[in-house]
C-alpha cells in the first residue's frame, strides 16, 4: 500500500519523472511478460511497415486487387508466394502484412478514441460531481451492459456495410465506460489534493484545472488502459469481419478469415486459415502483455477493472 | 541465560542495486519478563529485527551472519516447520493498529480462536471461545464483541484485540512493532498502560519497537537506539534518558523535548539524509549529520565504548 | 431494511436503463433501411403483394403509433410475432433461452472456479517458472481469437480425433430412438456440450486466473497475511483461509463487469457450434431483419446483464462484511 | 496432486471415453437417411414459407397437380390423373385427379383443390396470387374433377398456376374462417402455427425438435407408391429421414466426410470440391441452375441513363475472369437474361460484349465507344500514341464531370461471390475513368435502396430459382413494374418492349410466343438495363456408401424425384 502511494506521488512530481521512467523501464524489461510482449509487438510493427513493399515489387502482390495471372485457385506456399495464394490468386503474405497495418490502425485509433472519451468523461464526472456525475455514470452503466460486438453487429447489419473508420468509431463509443470509471475514481482522489485546492484558490478556471492539473496525473493510467482497449478493439473488428460485417474494401485479418471461411477453404487450406488467426491472437496477446507489464510498473493496485476484457 | 539473544546479527535485502544491509552487527539480549525498546527513525532497521525474530523476513531478506538465540536455540537456519511452531506459541507480535492486521472478512474472535487451536489442538472450540472472552476482558474489551468484524471496531479497540490475540497462547516474548502509532494521544496512553499491565500480569518479555523515544521510555526498562542499521547506544531507560552519549540519541531527545516545549528550531543533527546502506561509507555512519564529527570519524568506523555495565555507545567521543 | 431499500433503488435504476434501451432499440430498428418484405426476392411477389404484407405486419403505421403498440405489448409481456418464423417471439425465446443458460452458466462457473483455483496456486509461486508459464498460458488463452479457436477445436476434436460430435446440441439419432431413456439423452447433451463448453472455458478461465492472481498478489501484501504468518499458520491455511477469500472478491466484481463482454463470446461460440441458443438466434435475426425477435433477444440479454450485475453486487455484499447497504 | 485427485481425473477421462464410444455405437442401430440443412426451416406454414429450407421440408409433404420431370422437357401429371383438358372457349380447363389420400388416410378430393385455389384468391396470398388472379372460377365438378374458368387465355396457366402445392380443406378450413374474422386476415393466416402438416407427399413429419433436427417418416398413404410416373418407379424406399441443422457449410462438409450425414441440401462453394474428391465414398454433383446473376443499372438518372455508357461497362466487365477465379470455373457466362440451359426460350444470337478481348483491347474498345458518344477525359485511357494508361477526369457528353458512383452488392457473408465481383468490376470501370466504387450493403438495406427508394447507380443481384417459363422477362422490364417495390428495378421504359411483353403473356401458340421472347431478349441485350454476368452451377455433395439413386435435374439433386427413388445400398 505504501509503495503504491509513494509511486503515485512520484508520478505527480515532475522532478522524479525521469528517474521513475528509468526505473520503470528496468522493471518492465525485467518482466518476461513485458519483454515478450514488446518483442512480439516489434515484429508486428515490422510487418506493418513491410506491408508497403510487396505491391512495389510487382502489382500482382497488391493485397486487394493484385492477382497472379498464372493462378486461379488457392495454392499452398511456393517460391513466388511464400504463404500461398487465396482462391482468386492473391498473395496471402502480402494480405497478412497489410492486415498487420490495418490491425494497428484499428486497434490504436479505436483505443485512443475510447480512452479519449473515457478520460474526458471520467475527469468531468469526477470533477463536477453531483448531478453531472450521476448522469454520466448512469449512462456509463448503460453502455457498459451492452455487448459491444452484438451492438456493432446490429448497427452494421442495419445500416449497410460500415466503413472501417465507422467501425473504429463505434467500438470507441462503446468501450469508454470502464476507463471513465477508473479515471473518475482517480480524479476524486486528486480533487482534494492540496495542489488542486491551491489552483482553485488562485482562481484557475475549471477547464484549466482539469487539463492542466488533473489530466497529467491521470494520463499514465489512461495510457495503461489504452493497451487493453487496443486488444479489445482488434478482437471486435476481427470478429465483425469474420462474421461478414467488416469493411470489404480493407484487407484485415478478420476479412481474410471470412474469405477462407465463406469460400469453403476453411479445413482445406491450413496455409490460409492459420496465419491470420495466429496473427490476431498474437498481436492482441502482445498488447495485453505490454499492458500487464506496464501495470506492474505503474501501480499494482490499479488493475482490477480493466482486465476482464 | 537470556531468553532472547542476538549476537552480531546482520540482515540484508537483495535489491536490484546490490545487497542492502538493513541491520549490521547488532547484539542485544532480553531477559525473561524483561523489556527492551528499539528506537530510531524509519528505515533504521528496527522493524527488520522484529521480523527476523518472527522468521517473517520478506523473500528477498535474509540473515547474513550472526546468531539469534531463543532459549538457547539458534533461530538462524532452523527449519521453517519448527519456526512455525514457535511462532505465537513462544513469540507473538503486536502490530500497528492502522495496518489491516486483522482479516476484514473474519470475525475477530474467530481469528484469535484460530491461533489458539493451531498451537493447542487439544483445546476444544468452546474452550477456545471461552478463552477469547477472558482475553477480551483482560484487555478491557466487551467479550460480546468478539463476534464482530474488524471494521466495526475503533482504532483503539482493534489494538486491544490485537493485544488479546498476542496473548492468546501465553507467549514468553511479545514483539510490539509501533503498536501505538496512528492512535490519538489518549488512546495511545491507554494502550501503553495496557501493555505495561499485561506484561506485569502475565510476566511476559516485551520487545518494543518505535520511532518515538518517549513511548519506548514509558514501557521499557532497556532502550537500544538504532541508526542506519546499527545500534548506536544501549542502556537502561534512565541511562539513555539522563546521560545520552551518542549525538544521535541526543538529537532524538532534543527533538522530543522540543516538541514538548513547543519551541526552538529544528535540532542541528536532523539535517541531512540517512546514509546509503548498500555501499556503506568507510567511517562512522552518522558522520554526515553529526555536529561533532572530525577526521577520524570519517576514516574509521567507531567501536563500542562501555560507559557502565549496562550502558554502551558506538562513538569515538561520546559527550554527555 | 437497508438492503431492501438498496435493492429497490437498484431495481428502479435497472428499469430506467431498460426503458432507455427499449426505446433506443425501437428507434434503431425502425430508422434502419430494409424491411422483411423487401428481402423476399421472388418475381412472383408483386408490388401489391408486398404492400399488402407491409400493411398486415403493421409496418405502414406512423412511427409513434408503432412505438405505442410496441410499448403496450411489451408491458403485457408480448414481444410480437417474429417476421421470420411467424411465431410469437416469446415462444422462440423460451425455446432457446434454457440452452443458452445451460452452456453459458456452466462455462462461466467452471471457468471462474478453475481460474480462481489456479490463480490462487500460481500467485503463491510468483516469480517461479510455473508462475511465468501459467500466466503466459492464461494470457494466450484469453487473447485467442474465439471463432478461430472454435473452428480449430471442431476440426481437431470433432473431426480429426473424432471424440465429439461436430456441432449442435443433440443428436437426431438418439432423440428419435424411442428406446432412449432420459440418461442417454442427458449424456448426449453433455457430449455435444463438451466442445463449446471447452471453447468458452478456455477464453474465460484465463481472464479469471489473471484477475485472481493479481488480486492474490495484492492480498499477500496485506498486513493480515503477515498476522496470519506470525500466528504460525502453515502456508496452505494462509492461502486458503486468509488470502483466497479476500482475493476472490475482486474476481466476483470482474465476472460481473465482464459479463457483457462474455456474451459476445457466447454468441460467437453458439454461432460457430450451431448451438440453438439466444446469441445465435440474435445474430441470425439481425441479419434477417427480424425486428421483433432481434429486439426481444437483445432486451433479454440486456436485462440478464443488468440483473446479473445486481446479483453480483449482492453476492459481494454478502461475502464482504465491510459492505452493508 | 493427491491420490484422490488423480483417481478423480482418471474417472472423468473414462467417462468421456465411454460417452464418445457409446454415442457412436447408438447411431449405428437404425438406417435413416440423414440430410444436413444450412439453417433451421422458418416455418411449416406453407403460405408463409418462402425460404429454401422450409420449402425443402414442405416439398416432401404438399404436392402440386403437375410437375416437371427430371429431364425438364415436359410437365407430367402428379396429383392430376392426366393433362388438363381445355375446352373450345380457350378459358375453361378440366383436370381429373388421381385417387390419392392425405397422410391421415382420408381421401384427397376435388374439393381440396378448389379450396386451395380459392384460399389463394380470397387471401390474396403473396407470391401465389399473381398467378391466380386471372382465374375467374374454380369448381369441383365431382370428387375427382376440378374445373377452372379463366378471365382470358393465359400462357402461363399450366406451367405457373397449376404447380402450386395443394393443401387439405380439413387442415385449413377452420384456420381460414377464423382468420377472415380478424382485422388482419392475411397476417393471421401467416402466423398460424402448423405442428403436423397434412399432405399427400412421400413423407410425413414426425417431429420437429426446434433448433436441432426434423424427423420425417415414410407416408404409407403416398399416392405414387409403386406407380410409374414420368418413366420412373416411385418409392419411397427410405423409411425415415433425419434433417440435421448445420450452421456453417464447413462443419457440414466435415459431417459429410465423417459420415454423420448422407447429403448436404445446400449448394456448396467450389473450394470444397478438391478435398471432397479425395474421399472415395463422396460424390459431387454439379448441376445446371436456372438463375441469373447480373449487374443492374439505374436508368432513371445519370450517368447510367446513357445506353452507350452501359454498353461500355458491359465491355469492361470480364465475365470469364469472374467465372474462372471467383466461381473457380463452376459457372458459365450469361449474355441473355435467360439461362442458356433453358433451351426452348433462350435466344443464342445475342451480342456478346467484350467476348474474347483481353484487358487492353477492352479498354481500347470502351475508349472508342465512349468517345463516339461524346465522352471526354482529362487523361483518356488510351493516349495519342495509342498506349493504354490510367484514365482520369471522365466528362459526360454534356461536359459535366462524372460524379463518383457506387455499385451496391450484397455483403460477403450473404454471398462472397457477388461482393468480390463488385470489387473487381469497380477496378475495371476505373480503368476507363469511370469513378466507381463497390459498396456491400446488408441485403435488406440493399433491396430497400434499389427496389423501394430507387436511390442507387448500379447494383449486383441475383435470382436463385427462376421458373422455366420466361414470363419473368416481362416482370423485370415492363414499365408497369417500375414503381415502388416493383421488379423493374432499373426503371427501364420502352413502349416497344412493353407491347411485345404483353403479347407474350397471352400468346398460347408456343412457336409464336418463342419469337416474342427472342425479340425481348434482343432488346434487353441491346439496351443493357441489366448486364447478365454469370450463371453459377449448383454443386452438391453426397455420400454413396449408404444410399443410392439421386436424381440430378435442374437446380440439383435435392428434388422430389430423388426422395421417391433413393434406396439403401445393399
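For reference, chains read A, B, C and D in written order, and residue numbers begin at 1 within each chain.
In this text, contacts are C-beta pairs under 8 Å (C-beta built on N, C-alpha and C of every residue); 3 or more make two chains touch, one makes a residue touch a chain.
None of these values were measured; they are calculated from a predicted model.
J.: For this structure, which two chains share the highest number of contact pairs?
T.: By contact count, the leading interface is C-D.
J.: Can you figure out the chain closest to the middle, judged by Cα centres?
T.: Located nearest the centre of all protein C-alpha atoms is chain C.
J.: Quick one: which chain's Cα centre is the longest way from chain A's?
T.: Greatest centre separation from chain A goes to chain B.
J.: Averaging over Cα atoms per chain, report the distance between chain C and chain D in Å.
T.: Roughly 37 Å separates the two chain centres.
J.: How many angstrom between the C-alpha centroids of chain C and chain B?
T.: Using C-alpha averages as centres, the distance is 54 Å.
J.: Approximately how many whole Å separate the CA-defined centres of chain A and chain D?
T.: 43
J.: Measuring centre to centre with CA averages, how many angstrom lie between chain A and chain C?
T.: Here chain A and chain C have centroids separated by 23 Å.
J.: For chain D, write out the residues touching at least two other chains, lowest number first.
T.: Counting only residues that touch two or more other chains, chain D contributes 248, 250, 254, 413-414, 442, 445-446.
J.: Give the residues of chain A that touch two or more other chains, as numbers and ranges in rising order.
T.: Counting only residues that touch two or more other chains, chain A contributes 157-160, 243, 261, 266-267.
J.: Do you know which chain B residues sit against two or more other chains?
T.: Residue numbers touching two or more other chains: none in chain B.
J.: Which of the chains are touching one another, listed as pairs?
T.: Chain-chain contacts present: A-C, A-D, B-C, C-D.
J.: Spell out the part of chain A that touches chain D in their complex, as residue ranges.
T.: 64-65, 67, 72-74, 87-89, 156-161, 243-245, 248-249, 258-259, 261-269
J.: Under the touch definition given earlier, write down the residues of chain D that touch chain C in their complex.
T.: Residues 16-17, 19-20, 22-23, 26-27, 29-30, 32, 34, 39-40, 42-43, 45, 48, 50, 124, 126-131, 184, 186-187, 190-193, 206-207, 209-213, 215, 240, 242-248, 250-251, 254-255, 257-258, 260, 413-414, 442-449, 451-453, 461, 463-464, 466-467, 472, 475-476, 481, 483-487 of chain D touch chain C in their complex.
J.: Considering only the defined contacts, which chain B positions touch chain C in the complex?
T.: Checking each residue of chain B against chain C gives 54, 56, 84-89, 92-93, 95-96, 99-106, 111, 114-115, 118-119, 149, 151, 165.
J.: Within the complex, which stretch of chain C touches chain B?
T.: Going by the criterion above, the answer is residues 222-224, 226-234, 241-242, 245-246, 249, 319-322.
J.: Flag every residue of chain D that touches chain A in the complex, lowest number first.
T.: Residues in contact with chain A: 248-250, 253-254, 268-272, 274-275, 324-326, 328-329, 411-414, 416, 419-420, 423, 427, 437-442, 445-446.
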